[in-house]
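Paired with subunit B in one complex and with subunit C in the other, subunit A is shared by the two complexes that follow.
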Partner chain A sequence: MLLQRFLVRLLTMLVTLFGVAIVVFVVIRVAPGDPIAMMLPPGASNDDIARLRALYGLDKSIVQQFFIWLGGVLHGDFGTSISLRQDVLGLVFNRLPATLELATVALLMAVAIGATAAILGARSRGTAVEAGIDIASGATLSIPDFLWGLVLILLFGVLIPVFDISGRVSPQLDLPFVTQFYLVESILRLRFDLTWDLLKHMLMPAVALALPLAAIIAQLLKQSLKEVLDLDYVVLARVKGFSETQVILREALKNAALPTLTLVGVQFTFLIGGTVIVERLFSYEGLGNMAIDAVINRDLPLIQGIVLVFALLFVLINLTVDMTYALLNPRLRHG
Partner chain B sequence: MSACLDIRHLSAVLPNGQRVLRSVSLSVQPGEVRALVGESGAGKTMIGKAVLGVLPKSVRIVEGEMLIEGEDLGRLDAKARRTLIGARTALIPQDPLTALNPSRRIGSQMTDRLVRILGWSGERADTRIRQLLDEVHIRDPERVLKCYPHELSGGMRQRVLIAAAFAAEPRLIVADEPTTALDVTVQKQILRLIAQLQRDHGTAILFVTHDLGVVAKISQRVSVLYAGKVVEEADTADLFADPKHPYTRALMAATPRYTDPLASLKPVDESVLAGLAAEIVAADQAWRASHG
Partner chain C sequence: MDEARVARRGLSPRLWLAGGWLLLALLAAIFAPLVAPQDPLAQDLMLERLPPFWLDGAEPGYWLGTDSLGRDLLSRLIFGGRIAFIVAFAAATSACVIGSALGLVAGYFGGWADRIISRIVDVWMAFPPVLFAILLVAVLGTGLSSVILAIAIIDWTRFCRVIRAEAMGQARMDYVESARIAGYGRIGIMLREVLPNVLPSVVALLSLEMGIAVIVEAILSFVNLSISTDDPTWGSIIAEGRLSIHQAWWVLVFPLITLILTVLSFSQFGEALKARFDPVLR
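Take a look at the complex of A and B:
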């Protein structure tokens, strides 16, 4: 049963990725802008243009191009970046860890901030504290992540310059890392000085990405908590002598978390989408930042590779959410 | 000796000022089963919740006192009150299907008060719970303790809740219509079980019900409640032999009989209700005048 469900999920994932691949492939070729025009100096001869076009296979029909590309992908060859003249897969995997670390830190911050606000609000429901949390989360939510980025740059980069607002790590530092997961590796190597430097760079973009999601979590989780707190088993726990905080943490939180979890899964994909602009704002060397360069340069193979990796991330996140759902709810575990 | 539970002149209001409890006084002596009977909406559950400190936030107590073994709940701060209620009282809830946390195993839900509030060792709590499960005739405690609530039937869940209520040897149990949500066939077993454990443990029970048949079976004393007001209070035997208040008589007349179920399905006599309503309106006016 479980295996069957898993296989069905896997198949759906492949179909989704295939669909994404087709759409992206067609759209970036139909959209205006020509990679060849970006590569040649003004006044290049028509012969040169045609030769370069043939070199990159862009003289063939879109259908032919797609199958040539797909054939390569199935062998693990995602093509060569036109603008950077390097293997696309290598480029993507070189940048992906930076984005994953940023998105994960942002997600953890969003959950921590959002859940704390939700618990505080539910605990003091009907008071000024709850109203304050409602107002704060509403205001936070109405500002998108890139605007938060600009606000944070202005506040903590310019007015009170306490955080680094550019790059991933201070350039003068010697980095002993062998992988691109700098943050993870610095912790594993017990090089906390590097961890601190990385976090100082990561904090502002992470906060910018986290705030809108934190506000959503705060609102939804607080609402679910308030509903659960009126249920009979919660009343019974109060009669047993548990305090309101204990009641929320022990009895209510797990059951109230289910709707929020689904939403966090969806919103996390938006958060990853948000890294594209936020990484750009903070000159953070991640995949999103590279995606913008790729689009500006009409670097078709690189765009395809990046989008496919993002799509893979999204389906994996959805799968994880589903599995966590079953973990939290014992009634879904069997059957 | 002080009463196990003593409620004196308890009044409560809704935000719109409407009184839902009207100067209720009742007491439960140690080891006694006191039935609290009335129609739905009469405020019987409200009294139980007031005693246990779990009234909805919209209901406000405006006067009166509640004493558990002589300790005035109103004089304690929130934490002390919570601890006192947790240590000396317990609740057998109405609906066993919603009174257990769906995401926690039965075992931890039964032992958590013993360990976390009363400070027992895990081992002692575990032994105690198994003993109680045996008393409520659950033959495979090993399996039940590991179950999640949805894996047990309604009757089994109510047994678990009864066992959990008696486990800490509370002095007072509030039983809030503990059989209403169950199948008729299971109702009798559960009622017998509660009566059995009550006798064995000598626990006082405030037994909230709308069913006069249940009152007759389980209680020694009865308070009849109408619109948040105690209209009659008597020994159970006396009440059935000689109901004094017209509302009590009307309530008895409206109880269906198994010998003639269709003909006996009557609502409570309206003329009696009209008289009561007038009485209550007058009393409320007087109460408002004296309480500003």
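Take a look at the complex of A and C:
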């Protein structure tokens, strides 16, 4: 049952990725403006242009180009970036860890803030505290990450300049890292001075990404908690003498968390999508920031590679959430 | 039930504030040449980085101060509102029409139509939306119609997913069956019976989408990919403000407040409409 579900999902995922590959390929080829002409100095001969077009495979038909590219992708060859003249996959892997670290820290913050607000709201249901949480989460939800980022820049970059609002790490620091997972590596190497510097840079963009998701978690989890709190087994726990907070944490939370979990999965993909502009806002050297540069420079192979990696990330997250849900939900597990 | 009533009573003043702000901003945008105190494009290096009116060094007539080229901030915000509202209405309506039509067809007819449309939605959802928007505008070329088209191409899925689910539910209702027995054709039933019943959701989503469109336009302006660089837009003012944040904070603060108020107002409207039409809450 589970295996069958997994295989169906896997197949759908491959179809989706193939669709993304086609869409991005078609969109890019329709683009006016010759990337080759932009690479060469003015006065380059037509022969030079033709040679370069052949080198990047731009002299073939669009269908041929697509299958040549797809064949390469399946072998792990995403082509060569036109503006940076490096292997696309190498460039993407160089930047992806920065984006993954940022998104993960943002997700953890969203869960922490959202769950705290939900538990607080459910505990004091019917009071002014709950009404306050409702209004705050409603407003937080309506303001997108881009605007939160600007608000945070003003508050903690200018008004009270405690956090860094530009870059991933202070440029004067000497980094001993061998991977691009700076945050993870700094912790593993016990270089907490570097961890602190990285966090100081990461905190503001992460909060900007986390706030809208935290508001969604707060609303949905509070609703589920309130429903569960009226059930018999919870009433029984209350009769046994547990305090309301204990009842929520020990009994209600694990049964109320399932709907929230599914939603967090879908919303996590939106959060990762948000890194594109938030990284730009904070000059954070991740994949999204590189993607915007790639579009501005009309770097076709690089855009294709980045979009495909983002799409792969999205469908993998959806697959993971779906499978986790199936594993945790007793009705599906024994179905 | 109690809770819903409380929520609705609490919504009313907020709805008035939201409507008031949107009306004010819309009127200012429409009558921009009459309302704006200065020419939004006029540069004057003698007047660069003037602070807003309550601070020392402010000049009368430049209420919210000036940017690093000496252009009046209030006038630029008023004229920027024109672009914001045009994009909000045009892009949201286009996305709404495309998405609702496809959602209605997928949900009501089901079968192959549903399978194909749902696959396309899946593919669309696998794109990071901001990156998709930037890519489309780069491809279509900068300009007002490109921005509107890009937002419509990306955001129709928001309508499609919701309307599909609703139309699916409506298609199973008894009244649809009665209409069929009464001899109406399938397309007739879809347009005459199902469409009016999903319309409340469409209107609520439309209001939310207008807020989203304003933000997307601002993001595109921010990365310098919206309309031509001469005309002021809220996003381009924000981009300037981000650069001169340590010398002239007001160039960032005022467009930011304008954007936040506008987005909040659109979403309050959407929520209120949803609550008004939702039979469960009513």
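We take it that the second predicted complex is superposed on the first by the 303 of 335 C-alpha atoms of A that agree within 3 Å, B and C clash if a C-alpha of one lies under 4 Å from a C-alpha of the other, contacts with A are read in each partner's own complex, and residues count from 1 in each chain.
The rule is simple: a residue touches a chain if its C-beta (ideal position, glycine included) is under 8 Å from a C-beta of that chain, and two chains touch if they have at least 3 such contacts.
Computed from a prediction, not measured in an experiment: that's the story for all the values here.
By the touch criterion defined above, A:Ala291 reaches subunit C but does not reach subunit B. Of the two partner chains, neither subunit B nor subunit C is touched by A:Val162. After overlaying the two complexes on the shared chain, residue contacts for A:Ile153 are found with subunit C alone; subunit B is out of touch. Contact with subunit C, but none with subunit B, is seen for A:Gly274 once the two complexes are overlaid on the shared chain. Of the two partner chains placed by superposition, only subunit B is touched by A:Leu231; subunit C is not. Counting the residues of subunit A that each partner touches, subunit B and subunit C differ, and the larger count belongs to C.
Shared-chain residue A:Leu55: touches no atom of subunit B or subunit C. By the touch criterion defined above, A:Leu7 lies against neither subunit B nor subunit C after alignment on the C-alpha atoms of chain A.
Contact with subunit B, but none with subunit C, is seen for A:Ser243 once the two complexes are overlaid on the shared chain. Chain contact summary for the complex, subunit B toward subunit A: residues 49, 52-54, 56-57, 79, 82-83, 85-87, 89-91, 93-95, 98-104, 109, 112-113, 116-117, 148, 150, 161. Residues 10, 119-120, 122-123, 125-131, 134-136, 138-139, 141, 211-212, 215, 218-219, 222-223, 225, 238, 242, 245-246, 249, 252-253, 256, 259-260, 263-264, 267-268, 271 of subunit C are the ones touching subunit A in the complex.
Within the complex, the subunit A residues that touch subunit B are 125-126, 230-233, 235-243, 246, 250-251, 254-255, 328-331. Within the complex formed with subunit C, the subunit A residues making contact are 12, 15-17, 19-20, 23-24, 27-28, 30-32, 131, 138-139, 141-144, 146-147, 150-151, 153-154, 157-158, 269, 272-277, 280-281, 288, 291-292, 295-296, 298, 303, 306-307, 310-311, 314-315.
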